[in-house]
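Each of the two complexes below includes chain A, the first together with chain B, the second together with chain C.
Take a look at the complex of A and B:
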């Protein structure tokens, strides 16, 4: 009953943003024409989504490609509402006790080079993602650990055969990185071809990419979703500095930025432009973490690690940081509001989330004294990006100071930061993030299992109990059982073993020109970026 | 006229002795009013840096969110920033960062330049040629580009920033000092010292270095202003000192991008502090040059 209740609450909360955002467009008839100009704050490392994980690639390149299934563009806030993109009808339910998914593929789809799309193209795509040959990078292959094989009974039928039934599978298939490539391209040009070339079935065809300047696309007249896209084309303008992106929207040089602005920027835009600006907001499937380096003393001592999390006043942080940074919601390891997420009552029992910060900090001081780490000095590694890293890092240092820790900050540019965290493991404590696209907690929390299994755990520990709980949770078919195991998993990660921590969850704020219609905010800046339902209202331009 | 013929006017000597110090100071101020203004700014900065703990009204690093974005007023004279930190306290403590980086970089850079410049002029020949070509390579890069390149290689942090700022200063000072030292090398007393068989080190340290102290001191004052500006630039670009350390460039960076409109006091006051400090050191340096250069003094 409690599970059902929380599900309803979540659905309501998640739907609120979409309803607000969609309100303007509801009942309006889309108008064809126009070029959408939007700004992008990051570079394009390559065009191959199977290996990349940055919005810098997704925002300008996603409109050229299609997916097998995608989040419902009309309801992108829902973590369970998927619709067919290249498949026919509804998204199929699993058969054979959850061990088989059979997709019927559309017959009216052509790649931009004129090649008809078949189930073989989709099989080749997922085989590249899930079973890549040696040396072929695939960032999210671990998300498909429950899959055994893919088969193609005929040209327009694709079957996924599972090792075990898993609720994490369909959300993984719907991930926006699973661009469908042509088998012909893969066979003839090799697996690296898509890093520098584009040939998709998306709503727009590739026109030009001027590195450091812009990416241009124009409408694909043979697009398989009838009547779409509405836009004649788009131009994704590269603008690494936030001030430039902000001024671009203010000066109407661009209509929207899809990642998100901090609250003050939103307020400035609204104050300056009034009803010419519409704001969409949503919780964001990004947890801003801080990771102690278990390989380094004294962070190999659970008492020191617990003291770190006990020092942090997340409740006050949520209240104040949400005014200056793109973080807001206090939560555990699961996306706040999701049925699998901890309730306020459950959170209150976890170290670092206790209602009384005085009690929490007194315990932190006691633990530090017991561990012989009073007045410990260390360096907090951080990423050279203002939002939200610099702001939250500075706040964290102040929190640590309150239990007598002496902390300095070392801020590195992104490449050096990743090198220090992922390769060299050269840090005491680092700010980090767990950002995912589809809200899929059973897969999203994989960052907390042992580092020799998880590809994205950089705290440097092996905890076989965590691994076991993770496996049990993914194999559990009953949501109540999943939830029960998730609580054990969360308690162990954040409290008992104090493995790694969450500060606050990100909060997405997208102010945009009011003439941009049809785009709805999602709980991830990776989602809903195909642009086929976006249109420009000429009356408001 | 021989040396023994030189006589000092006893009255003039007494007159110098009798000039009271306050009067001499007032005379200097009257003669170099802009330099005096510069010296005043420098002294205020030094005072603020030395006694920061005593005169700053609040801890510069303590977050006090309940006061975030408070405009200038009775409680917070220069307002508060996005973390509720008192901007006046951060500016006072920021003077310490600016002066520390400025003085250390200027003194090390100028001293390195002094050593290389004098040695280069004194030894001449291949040594001079090689040293000067190396200096040419360094001077081919604009100051900020060279500093950026060094800090990009070494990484951020106050020690790295000092190294990054010091390196471009060395060739600048070496070139100026060398030109003065070349003239001194040809003076008869240097020849006399050589004839007496004094060592190179003794000739350089006892006879040449004291005679190039004027350009050396002038370079130091000019370098302090430049170093403060460079430190602020590096901090603004996120390559210098890091939060929560109070540093003017860092304060400007945090405020300029996000709060220039809604809370303009956040970037304005650190910006003013940087401008005033650089202006003060430049005025002081110019006046010092005028006072120490015999040609300019005669004019």
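Take a look at the complex of A and C:
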């Protein structure tokens, strides 16, 4: 047993060392050639990123498209580092008191069908996303509420005219769903054409899609980033079962999976393959929440809601749950590590994050007694998915028990779970999640505003102070002012009004074959998936 | 015989209609819809208006009777519609996967026949000897062992064994290759799931072969044959086994039909892009149209297999034919 344990520790250390080496891959000379095989755990609905939400579409289809701007592929872990993809030079700063963004568009870009790209294509793309005609679904148009119009002064200049200056705008533009389509395709074939057809300017051209099996792409020789891509092509293999994806990497049927594995899977792979595996890890832009249903008694009482959050020992949870589940970092409403996120000191002043759990739980018991809810019995609704929902749900029940609450868990399959939470509002307290792609706190925290405005607040409350703070924060152009308002917003959401809560932030673990080079982990499984900088090291294959 | 066949064929019509109604109603009772799962099921922000447009485009807002009418009209015009998840024609989606599922079903049935009939026969002939005990233990293990668990064990066993022997772990391919393009690659992929499924399938058939053969061997005509001095081999092969096969054939028929659409877990474990995997995915995504047509496909296969089994019965036992 001791031998096994020490072997595992050594192997894991080797893996992490190799990960460090992977991080140092910038100094290595990329080698051209090879086909990257990767596994994807979700199914492709359509190819149109403007309407879809799943990474099952992003992972295989994103390499065919470009974005106007993107997260820096060399520094994707930074939540604030964006670079031009189809624009020239640096990402432009706003002018005219934050009301104008002027992008110079590259002149050397061609669509895969040979049509040259101009600013008109990008305008047509963003107009489809932000101002879609009636009957055309656009899932994230709300992220651009600060935008007034787009204009094209000349063929290679695009201007975004804002209604008001907003720090949420640029990150929204960099979102990985904003595939740039050809205006010609939209005009000639209609707005639904991209659901079943692909014509982008990305690093790879479309070869084949066998539904349920794989998507294949091959290198686009006229790709606008010189010398890239390095790969001859890629094959995205559909594999819904996590065990299959894990074994596929172990058996070298695939080199990588971009979403993430739980800690145990990482340890198993490292143990089995040693230095043939590299592990990259990162905080994940997914907050695992629990929401009290404000429509139901006694959760309409702020004292009861505060007691719920005070019962939870997040510090211990971070330490122990991170060994078995894909959660780790304790944080407030903003993605940990972002300049707008609360510091440890700031967090410590919020109920549920106090350094002393004894003090927290004593206060929770006092509040429950005061509210006449001692020994309260309720049902915790949960989603029938192990990682991290069921694991964390079980832990939550134990936490609630520590303040005398009697909780049972009702686990539902995903569709029934969504129905209960979103449509029927049929729950006492539910586990929920707020997962976003690009780290854009000013937009991501919209889930905490009133449910008649947010569209993704399922706790069922209206709090006009929260709405006002959210609006002020989004209109504040000064980052220091944004940060100040964010603290007020966070304190009100998590503590004073105890509206909804975060357990821990997800933690992304990507073990992959060590011959995969150039790919760097980002805070979301939706980011950095263009694959133009990925290469395969023949010496390690 | 022709009257018998026509009667059986006519009986399939109400069966199919009943199944279509049942599946349609059951699917509408499941909470949630495909647009919710597709656009808001990943925790990311989803515009409620976009979800509503999706529902409208897919006809989910139409009255249930209208939706039912569309399904029925589709059957009459042989138009199975499009998948609500992918927007692709269902015929194409099913056609793509049918070959693999059929191949696995045939191979698993072959494995089962090759194991079940010889072992069941030997076990019956050598009743209460150590051979019989071993065969019974083997078949009980097959019934007790879920095929998905066996599948996982097979894959892990292959990974561990090949790594220990050759230094590199090997597992069956996870992307389907047609037997016409790469027969060896195809065999490497389908052999293991066929074994995992065929073993469980054979376990039931082995026990059935054994018990029916034991029963037949005690019949008067077998005793008469023995009294006439016929060779034991002839008695078993020509007289006993054929008559003992009636319930065994039923099992093979039903299991074969089940395997085509029902390899749900095995296909997931081996990542086979077959109908079972499609079934799971369409249920999980609440793809009503796809689920409806897949269930109907399985019903049609079951009805057809039952029809075939009935014909086989009539051939094996003339009393059924003339009765």
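Criterion: the second predicted complex is superposed on the first by the 517 of 541 C-alpha atoms of A that agree within 3 Å, B and C clash if a C-alpha of one lies under 4 Å from a C-alpha of the other, contacts with A are read in each partner's own complex, and residues count from 1 in each chain.
One rule holds in what follows: a contact is a pair of C-beta atoms (placed from the backbone, for glycine too) under 8 Å apart; a residue touches a chain by one contact, two chains touch by 3 or more.
Nothing here was measured: the structure is a model prediction, and the numbers come from that model.
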| item | value |
| --- | --- |
| Which of chain B and chain C A:422 touches, first, second, both or neither | second |
| First (chain B), second (chain C), both or neither touched by A:436 | second |
| Touched partner set for A:139, first chain B, second chain C, both or neither | second |
| Which of chain B and chain C A:409 touches, first, second, both or neither | first |
| Touching partner for A:394 - first (chain B), second (chain C), both, neither | first |
| First (chain B), second (chain C), both or neither touched by A:109 | neither |
| Which of chain B and chain C A:320 touches, first, second, both or neither | first |
| Dominant contact partner of chain A by residue count, chain C or chain B | C |
| Partner chain in contact with A:91 - chain B first, chain C second, else both or neither | neither |
| Which of chain B and chain C A:243 touches, first, second, both or neither | both |
| Residues of chain A contacting chain B in one complex and chain C in the other | 241, 243, 413, 416 |
| Chain B-facing residues of chain A, complex | 241-243, 262, 264-265, 267-268, 271, 316, 319-320, 323-324, 384, 386, 390-391, 393-395, 397-398, 401, 408-413, 416 |
| Of chain C, residues touching chain A in the complex | 30-33, 36-51, 53-54, 56-57, 85-88, 92-93, 96-97, 152, 155-156, 158-159, 163, 168-171, 173-176, 268-271, 273, 277-278, 280-281, 284-286 |
| Residues of chain B touching chain A in the complex | 61-63, 65, 68, 82-83, 155-157, 238, 242-245, 256-259, 261-262 |
| Interface residues, chain A side, partner chain C - complex | 39, 43-46, 51-55, 135-143, 195-196, 210-214, 235, 237-241, 243-244, 247-248, 250-254, 272-273, 286, 413-416, 418-420, 422-424, 433-437, 443, 446-447, 455-456 |
